[in-house]
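Consider the two complexes below, in which chain A is the common component and chain B and chain C are the respective partners.
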Partner chain A sequence: MTFHPEMRYEEGLHVSRRERRDEGEPFAFTPENRQRLEAIASHYPPEHRRSAVIPALYLVQDQQGYVTASAIRHVASVIGCTEAEVDDVVTYYAMFFRKPVGRYVIQVCRTLSCALRGAERVAAELKRALGVEVGQTDPTGTFTLMEMECLGACDRAPVVMVNNELWHECQSPDQVGAMLDGLREKGPAALTGCHLEVEKKRGPAGP
Partner chain B sequence: MDTVTLTIDGRSITVAKGTTVLQAAIEHGIQIPYYCYHPALGIDGSCRVCLVKIEKMPKLQTACSTLCADGMVVDTQSPEVVEARAGVFEFLLINHPLDCPVCDKGGECPLQDYSYTFGPDASRMDFPRRTFDGEGAGADVDFGPTLLINRNRCILCSRCVRFMRDIDGDPQIGIEDRGNGSHIVTFQDKGVHSILSGNLMDVCPVGALLARDYRFKSRPWDNPIAVDTVCTLCAKGCSITAWLRAKPEWAKGPRLARVTPRYNPQVNDYWMCDIGRFEYHFTESDRRLRRPLRRTDDGVLQPEGWRGVLARLREEFEAADTPGERRTIAFLASAHASIEELVVLGQIARALNGEGAERQVGVSWRVSEKPQPAGTKFKVPRVDAPNVAGAIDLGVGAPPLEDGGPDLSALKAQVEAGRVDVLYVLDPGPAGSIGDLSWVIEARAQGRIRLLVVQGVLMTDLAAAADLVLPGATYLEKDACYTNEQGIVQAASRAIAPPGDAMEDWQILVNVGAALGAGVAWASTAEIRADVAAAMPDRPGYADLPRLAFAKPAIARTWLQTSNPSERWKWDALFKDLPPVKFKGKAETSPRRDLDD
Partner chain C sequence: MDPVLTSHIREPNGHTLEAYLRRGGYSGLRKALSLPPGEVIEMVKASGLRGRGGAGFPTGMKWQFVPKDSPKPKYLCCNADESEPGTFKDHVLMERNPHLLLEGCAIGCHAIGAKVAYIYIRGEFYHVQRVLEAAIEEARAAGFLGRDILGSGFDCEIYVHRGAGAYEAGEESALLESLEGKRAQPRIRPPFPAVVGLYGCPTAINNVETLCNVPLILTHGPEWFASLGPEKNGGPKLYCISGHVEKPGVYEASMHVTLRELIYGYAGGIRGGRALKAVITGGSSTPVILPGQIDAQASFDGLLKAGSMLGSAAIIVMDDTTCMVWLAENLLHFYRHESCGKCTPCREGTDWLLKILHRIEAGDGSMRDIDLLLSVSRNIGGKTLCPFGDAAIAPVVSTIQHFRHEYEAHVREGRCTCPAEWREMGNRGPGARA
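Now for the complex of A and B:
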């Protein structure tokens, strides 16, 4: 720009101590993910294409586990808004990770119903079993422990959500070890799943 | 137009349908505080200080987001409202540092004034304040080439976010995180890069967004004199207010403290660009011309009195090779020259070079691209001169080229052919605003021009190459009229006096005309304007020239008062030192009620 030539930026005088986002590897959607995004974006009118920002960020997490600055740039250019707007969304929602996470992100509900049914003890047991604090990843890189607000399955409290989509209900503190071992051995199949879906699969004549 | 009638504080008020309670209150001078509402940025409802009691509504409502309805009964002073409002102010000050003595906004800060008027006497907060980058002014961090941000002071009204989204058209600012950790950021701290960035400081209701240019320079009570004028640094002609420091002229430092936009719905709304806001400094820079200069036989520019310079000009002009003839003279004016100056210059050209010679006066300006987002609501023109339209209307100079640039081909050809003995250049704009005149400097160096006279304000390359330099006045130093790109004739008023021996440009031109025997006889700019009006009775803008008012320096109270008429009421009210509107209940007498229980 030609104006204000005497005002140079980044002189080092007033640099913020704020933590900047991990720049990360150069990011671009894989062709399959790009296709999935276009399919999602086609649900919205073309002038509101930016409404696909949350699905797009989920796809980023599918692809590389967490959201980096270069991924934000890519999403912004693909859905047609600015980086600042994507950044707003990423930092507002708890389900977008700004740092690398383990293969399974275990999110323990701590809102009222679950808390009454011992969610705090579940979290404490998980902390002990994994040797991590809330928000940390265990040394093997398999599990990340997080606490969440209401997950909406109060009738089967306490509830644990894994990787934003898998459910484990009626989790009692003494079953924590079994759940972790099951996840290690059998993967997501070890989880109980959402009882509504389970019942649906069994059909109306189920037990 | 449909109207609705409602009652606010017992007053029956009729407003247009679709008006909000807050707008109705503002229109009728009823005090409701607000931060996040801005007439140009719309409604957000995030600051919560405009709470009012509306009958038949169970909870208090934000006045800014409630539409007026027939028969509505609004109360802004009931104890319930007063207490709730005080509560909101207490919350706003939980994390807002009380560093007003080192804050640029101190003294003209809505948060300061409102907290005094509507807030509680003391805070009940026992925990330390949340900080982002340190304490006090140490928390001022980079926010782009023109701005600094202090996130501790921010009250998250989101006016800056909405300005970038709605007016600038490139949303570079966002709110990161949520809840207590929310703060204003740009992506990866790269800062705001926009030609409109200075407006963010204006819309910020607290001292969170600061202009590097004005930071720590002055306090509002140190620049009490304001002049309503017009910016002339591009073809838009924004209405501005120039703020003058209260100091004697001989004291050190500049008198101009800052330039802020003034509301003008026809031209610039509430905004102005960074060029006008930050580039006015050339008026009081070290490179200003203060005395007339004459090139001596040794080739050095030496100060000389006005008489000496004019006598020398006359000598040179009349010393022709052939006895009984004069040298040929050509004129070149920057489009920064005002209507009055162009009229005088055209008259001189006509008197010396014959009828129709004003067409041969070269009128020059610079055209520069300003990168702006496609959706911007405030387009900064490409032309960096205020009076291109005026020159066309007055018939001075050739019409512009198709790309908007000046057409100087005729003058250039004459100079290249060596047919111009004396070239008189009028350049009252900032350096470079006259466009690329290296061909003039070259022609003088090679002797194709015998005498180069430059009437200007800065020691530019052109002035350095001149034989005679006449110091003129900038747009802040003279009463003059300009026609902007929309064809609106506007008056730019004199804020300060020209430095040293410098004179107003029309006066210099009249003196030069007399020295050259051109016989121009105007005694004031008012006479020139009257003549223009008489010559163009069918052009409304010009016919009204004699009635155009020039502002005189006035004692200002705050910048909002002049920049934003919809906020003016609150300053009119608050600066009368109203008694605080406060809740006289338990909360005030026992500030630590929760701990005493």
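Now for the complex of A and C:
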């Protein structure tokens, strides 16, 4: 049965586009992470513990790399809110990963100031060097490539962020290979860091 | 004007409490605590300090709207979700001068009668969060935060709350939602946050740079502050200059300064001596203006007269190699990604704008598409709960207004009209210092 000759039921209309969430291993915070969470939750009035949902999800990612359905259930029970409320947050914010990611998640800023200084080429070089598309992890499981919107370091464009925390500034397209090799060999120490760390290493170089 | 906010940012270890006290730090807080809260607000009002986050609303007035007699607790929120494309001033202030912000927060709390301040920092600023938290520990140990500050009986705690990557969290009511552990989506106003804000309590929300100016007003007096700039645009201002300039960076100036001085003086001119094509004056949400208008004063009122806005003072400079359709497409990619999805015109409209821009840039557009862009824009502008909708259409409407011929050339020639060798370089221009 169909109401419109060109729009059949089975082709999309009644198919949920919602991603099925990865159930993952059974999750519980380690005692240290649980303690860290309680320390953060004490910043908010006790009746508004829900404010600690975002910090709790960061701790989940610290512990197992990405957010699974069982982690969402655990966070909901620890915070004292519903799973849907936690799910709402996970699906909204760009910095929570809902799929397994590589050891280093490389995010290239693609917004105007970085794009004016060659961010498109940086992303293209990374795709070529890793043999992946944006959003994919390389076969060795070391690098996941992503694009992100304005990181707020436009004077040091193009900028790259690794693992949601570490910055790498003034990434020229022809130095992409060097950055990847550095990460493989020396780990995060190979990155330039933020403005202040850069200046500590190199001396003041412009505001 | 000699820098006031950024005068010490080059000093090694200038971010420590010891260095801050050597520069006379926390004398503003001492002064504020010796005055009744009402008088502190009067001083800020008299200084004419306007919000540095984008809207330019008078800070003293914002504080005055917080009801004095409410039985509920009151909160101060510092908006450190610096996400407007092209903006990086708060980052520098928090990283290099964290105690200035803490002092401003404490004075703000005293003025509105709050005991707790939250600094909502964007998720990407993890290293800045660590700097701030170390500074909070230092200040608490020295008695500038915590219980009974400086023997005045005033209690104040400051906490840093890290967001998780949402541009919309920079909008004040969405910031409060995010702080409450929900999606960062704007609230319907009224009631305004000053009356019903965080956890339903009266709340003042101020930008980092705004709060950093407050200790200066207390220390040097409102008259000094007002005299630093033109009428109604007093105080020091940080400008973030990025894009095709020789020396991108954060520069401090009085608001007497013109765009020309900022681009050709402070930032060293256009890279490689090329010609200027267009300037974005206050972050990507403000309209593009032409080289003919760069003698405008870079103040709240001066740029309004020039047909743009000071916004967050993020000046993005484009030289003559920049394709304006590409620029609009790039920014609409941003807005489509960051639209919070609450209001239909913005959620659906930004998606359509990006699709149409993409097909024009790829050479598959038609002449009708140009008017379609304007029509979709008209259906977004002014039809959303927060200013995001108006911001999203600014790059489209202003580039069509000034560069309609480029859009038409894309359609006529069926390709991007930027020379192929610039496109191949990926950055649409030779000589990028990438």
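For this structure, a couple of remarks:
Assume the second predicted complex is superposed on the first by the 178 of 207 C-alpha atoms of A that agree within 3 Å, B and C clash if a C-alpha of one lies under 4 Å from a C-alpha of the other, contacts with A are read in each partner's own complex, and residues count from 1 in each chain.
Criterion: a contact is a pair of C-beta atoms (placed from the backbone, for glycine too) under 8 Å apart; a residue touches a chain by one contact, two chains touch by 3 or more.
If you're wondering where the values come from, they're calculated on a predicted model, not measured in any experiment.
Look at A:Ile72: by the touch rule set out above, it reaches chain B but stays clear of chain C.
Residue contacts after overlaying the shared chain place A:Met146 against neither chain B nor chain C. With both structures placed on the common chain, the touch criterion links A:Cys194 to chain C but leaves chain B unconnected.
Counting the residues of chain A touched by each of chain B and chain C gives the higher count for C. When the shared chain is aligned, no partner comes close enough to touch A:Ala28: not chain B, not chain C. Using the contact criterion defined above for the overlaid structures, shared-chain residue A:Ser172 touches chain C, although it does not reach chain B. When the two structures are aligned on the shared chain, A:Glu83 is found in touch with chain B, with no touch to chain C.
In the superposition on chain A, A:Glu120 makes contact with chain C only, while chain B stays out of contact range. By the document's definition of touching, of the two partners only chain C reaches A:Met95; chain B does not. Counting contacts as defined above, chain A residues 81, 85, 88, 92 meet chain B in one complex and chain C in the other. Considering their complex, residues 1-4, 7-10, 14-18, 20-21, 23, 69, 72, 81-85, 87-88, 91-92 of chain A touch chain B. Residue ranges of chain B in contact with chain A, taken from their complex: 132-134, 140-142, 144-146, 148, 170-178, 183, 185-189, 191, 193, 195, 212-213, 274-275, 278-279, 368, 371. On chain C, the positions that touch chain A within their shared complex are 6, 9-10, 15, 73, 82-88, 91-92, 95-96, 118, 122-128, 131, 159, 161-167, 178-184, 199, 240-244, 247-251, 280, 284, 314, 316, 318, 322, 327, 330-331, 333-334, 337-338, 340, 425-429, 432-434. Across the complex, chain A meets chain C through its residues 43, 45, 48, 50-55, 57-58, 79, 81, 85, 88-89, 92-96, 110-113, 115-122, 124, 148-158, 161, 164-165, 167, 170-173, 193-197, 204, 206-207.
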